[in-house]
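Going by the order they are written in, the chains are A, B, C and D; count residues from 1 in each one.
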């Protein structure tokens, strides 16, 4: 169950509330986010929640039967809208476009990408400075210096930054230069990282694990929320199946399901989702039609020269066509 | 390689052609369809195909490196359009809607469904009279009598029939009452059935296996084509993955890929694709956006009372909304 | 529920029994096998089965909550032993070795294989005369003539034959020359074929589907049993997973589980199970340790020259070493 | 390529070696482990490695075509034996048994488990003090205090400790109390953690990811090795497949393959592998027969009362029977 506390609940009232729950054999976790304070109660006993709801200091109380609680739509029926510092919103009814290279490579690359995005009204730029690579001998990104350079150029152009964070120690250094922290598929159950991102007041985009279930994704989000950060978006990026005709199998079903199970925004990553450049566009369009609140795309001035994942990267002209179509698809869907 | 023969090739010319290929260590298969005659040559030797192409009796020749040949777009670049007897076409640039119950249950059910389809301009009705069922103790369908009844009603309303055939012996009896033979997922590698359907001049809708690869699906289609029937459409109906939040995982990626690999029409089956009624609509719309030439849907006047697969069946009102949206999505996609 | 009938139940008694079950809203299926007569009742109502068990003509009655009934160990606790015509038994406490080529190719090959098997005490020979092939342009086997030739040689050497049947029409022709009918993975849910094999008094080895569940395998066996044939063995032959380092993923877990869920013998097919010759031996040994009642192996005098699946085929010397080890592993396991 | 350096290579010689490799367009990584110094060269150019091998300061040089290098058997043909401080060895020809509870729960539990292990000659105890849990509201382990208590008891009984480390920050604190660091399935591509464990001179047991490939596992091990730690063992712990009859699908095939691809020891975890107590024993025995160098088991005095994963935990009496059988199976295999 989720108990939202009054802003001015007294220590004595809170103590009493927890004692009452303990009597009922409910384990409690107190959660304080940037927006509110909650007590999460987990137990098996059937109880009349009104007996808790009427205690002083309690604002409201909800029963949530899912294993995840705070991210469930059973509790919060109104969808979460994430407002980036100024005029960019992510969530139901908005359409978020994020695009950029796999890796930040050079000043020139950053400048060209920013110019491309600005020309197309794309306000959020993706790019990696810390890259999770299967082999230890591969390029692992430009690191914090790359991020600073990128940040300077992006700020000047009014472009926001989303980039992957791989370990707890990086968070503090990165925080000043990042607008959205991304948790990659390989870290989707790195619970210490999730805990730590719960303590930051920056939006987090959480990718589904390479073979993560919907339930695991939502519980991973619960880690972040229950550590204090309500500004989370989920990302479908393709799953691992038996099919080898594509690098991953974009799971459109997950998008439809997530939009019903959670109030958090859902973003589609068709570049990794199918992993083959020539099919990124139809898959991206499908994702929007399935309900995605946004799309994150790999684009590069010269895809064939891009670091690492060039085979799933669109060229600027390809991306331009796609941005327009995605917006049209979004508009049609919203008109339904 | 695929060699299309002149219509008036002589026996002597054909013999010479095959001898030449034998000399080159190419194994040959002669294929005669309702439309043309071909010789398929399979071998490893690098040869100059012009030396074959200029032989008398040869109309044209193409090299096809895929394991499948006649269904490949590398050979036939113009997409196949399947014309049902009158005014209904299936293939690129058209949008085919097929709907109906899981199983044909009763005269009343057939009548109500036909009325619903006619009112919504849906020209092809699906329904099972032979049902593949996991358990031998389950209802296996009304059989040929059910089909005859259905056929009579459908003909009167100008509605075409698509239904599953499960074994070679059923084909002959069913042929007079069926407009499109459907091969189910469990029979997608029932090669004898595929062979036999190659000898029928009726369109065949071939479903992907429950964990069938794209390549296996195309090779299964090759069985039908190489036995004489060019009128084939392919159907994505969800695959089996680790995810248990849905009954199957609709694989939108397959649709995008198939539209590029083959000239055959590609139909989406979102009802089985995700297997959960409340998500059929977004998944269907996504499939269209990914490139599907048509959608096949389970609909029933009272889904909760439908035989077997009620949990993935739309009600008539739900279906009506969806038909309209699908057509709008198709129009938007075509406008791209 | 499973009701075994007295051998001399009267028509009137049977009628009464069925009427009683109908009153209780149980759907009944009458099953007559080579050994006994049963009535299977499927319904949801909670009933006191003793009220049925005491009816005249009823020998015994069991409640079986699984979806499969007659193949469940909840009903028949004593494991099924399949006796081939003479001195070869398959089932718990015995160890069945079956070996031979993927395809029957020639008289010479058959003779050499038989000599190899006889010298090693292997009494059952595998080999395909009807081959399910992904591509229509591949060799599909020598057919019935190959089977007759093989049968003549094998009979003379006291060797039994297991071979795949692909369609209902083949059963009658093959029956005189086959000791065990094999149903391949692609036909594991070809329900018409299963029905027809239920009407034959020959043992059937039923392979798990390429991505078949344990439950589907047991229900497929139920098709055969409920159509009249109790002599069924199940075969684990590797499943399809995301891992591409092997051709299939031998699922040892299935063997352990099946030995507990069903009274039917369980055979392991490590050749297809992992699909790579160099790992067949450890996988085969593992399968025995997990509880397999037998192993079916691909062996060939010259694996590199074998039709189709040479890459998973053992040479005779490799096989000889493995037979001995398998028997030792079996003995150790039985001693536990 | 892997270049092992002479122990007394001079700075000038090393510089020259690297320059030479740079000229050849090979990217170099210098690796210094607790045992030796290496230079790893990654490049595409075909070169005569002898021209490098004869440079002063080079001990030997090997070409390794795999993506992983130092963990490949193509380079180091002699299998790695990991010697724990005293008399316990892990690797080919030895048989390592590790057992203990999912989580360290209490002093009493630790004592009882140690007594059980000591009585059965099991020298390595497993147990979690930091638990990766899907839900943030679940028990996450006793932490460092639990580890200290455990360590004290274990040391006194001559029992070694294997336990999971979840984040870089924990390593230093844990190092004094741990004999083998375990990396869990969810962290198998937590590259920063792998890097950090490369800098510790403690053996590491690295679990395969929940849907990790063989190749990814070996590359993860390469991270540890290339950061300086040669003492690595790999662990198969079941993969995620479509089958829901078990919690995971123990992949015996991986064991057979890994024993051929790498010189590192391979341990089987049948408790997580199948995840169901009643099948742990056959699966464990199968793993040994497939080639495992050891088995890690969950055991508990009262499995039904164990934290979290009780359903896969053996009781002490069950474990006692299994230890004996595993040793017998190992002896039989070694005798082959």
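As a working rule, a residue touches a chain if its C-beta (ideal position, glycine included) is under 8 Å from a C-beta of that chain, and two chains touch if they have at least 3 such contacts.
Bear in mind the structure is a predicted one, so any value in this text is a computation, not a measurement.
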item	value
Remotest chain, chain B as reference, centres from CA atoms	D
Pair joined by more contacting C-beta pairs (B-D or C-D)	C-D
Centroid spacing, where centroids are CA-atom means, of chain B and chain D in whole angstrom	49
Distance between chain centroids, defined by C-alpha means - chain A, chain D (Å)	32
Approximate Å spacing (C-alpha centroids) for the pair chain C, chain D	39
Where chain C touches two or more other chains, by residue	211, 215, 240-242, 244
Residue ranges of chain D in contact with chain C within the complex	211, 213-215, 239, 241-246, 249-257, 259-260, 273-274, 278-279, 282-283, 285-291, 325, 328-329, 332-333, 336
Complex contacts: residues of chain B adjacent to chain C	27, 29, 40, 42, 67-69, 132-137, 166-169, 186-187, 189-193, 195, 209-211, 215-216, 219, 222-223, 226-227, 240
Of chain D, residues touching chain B in the complex	211, 240-242, 244
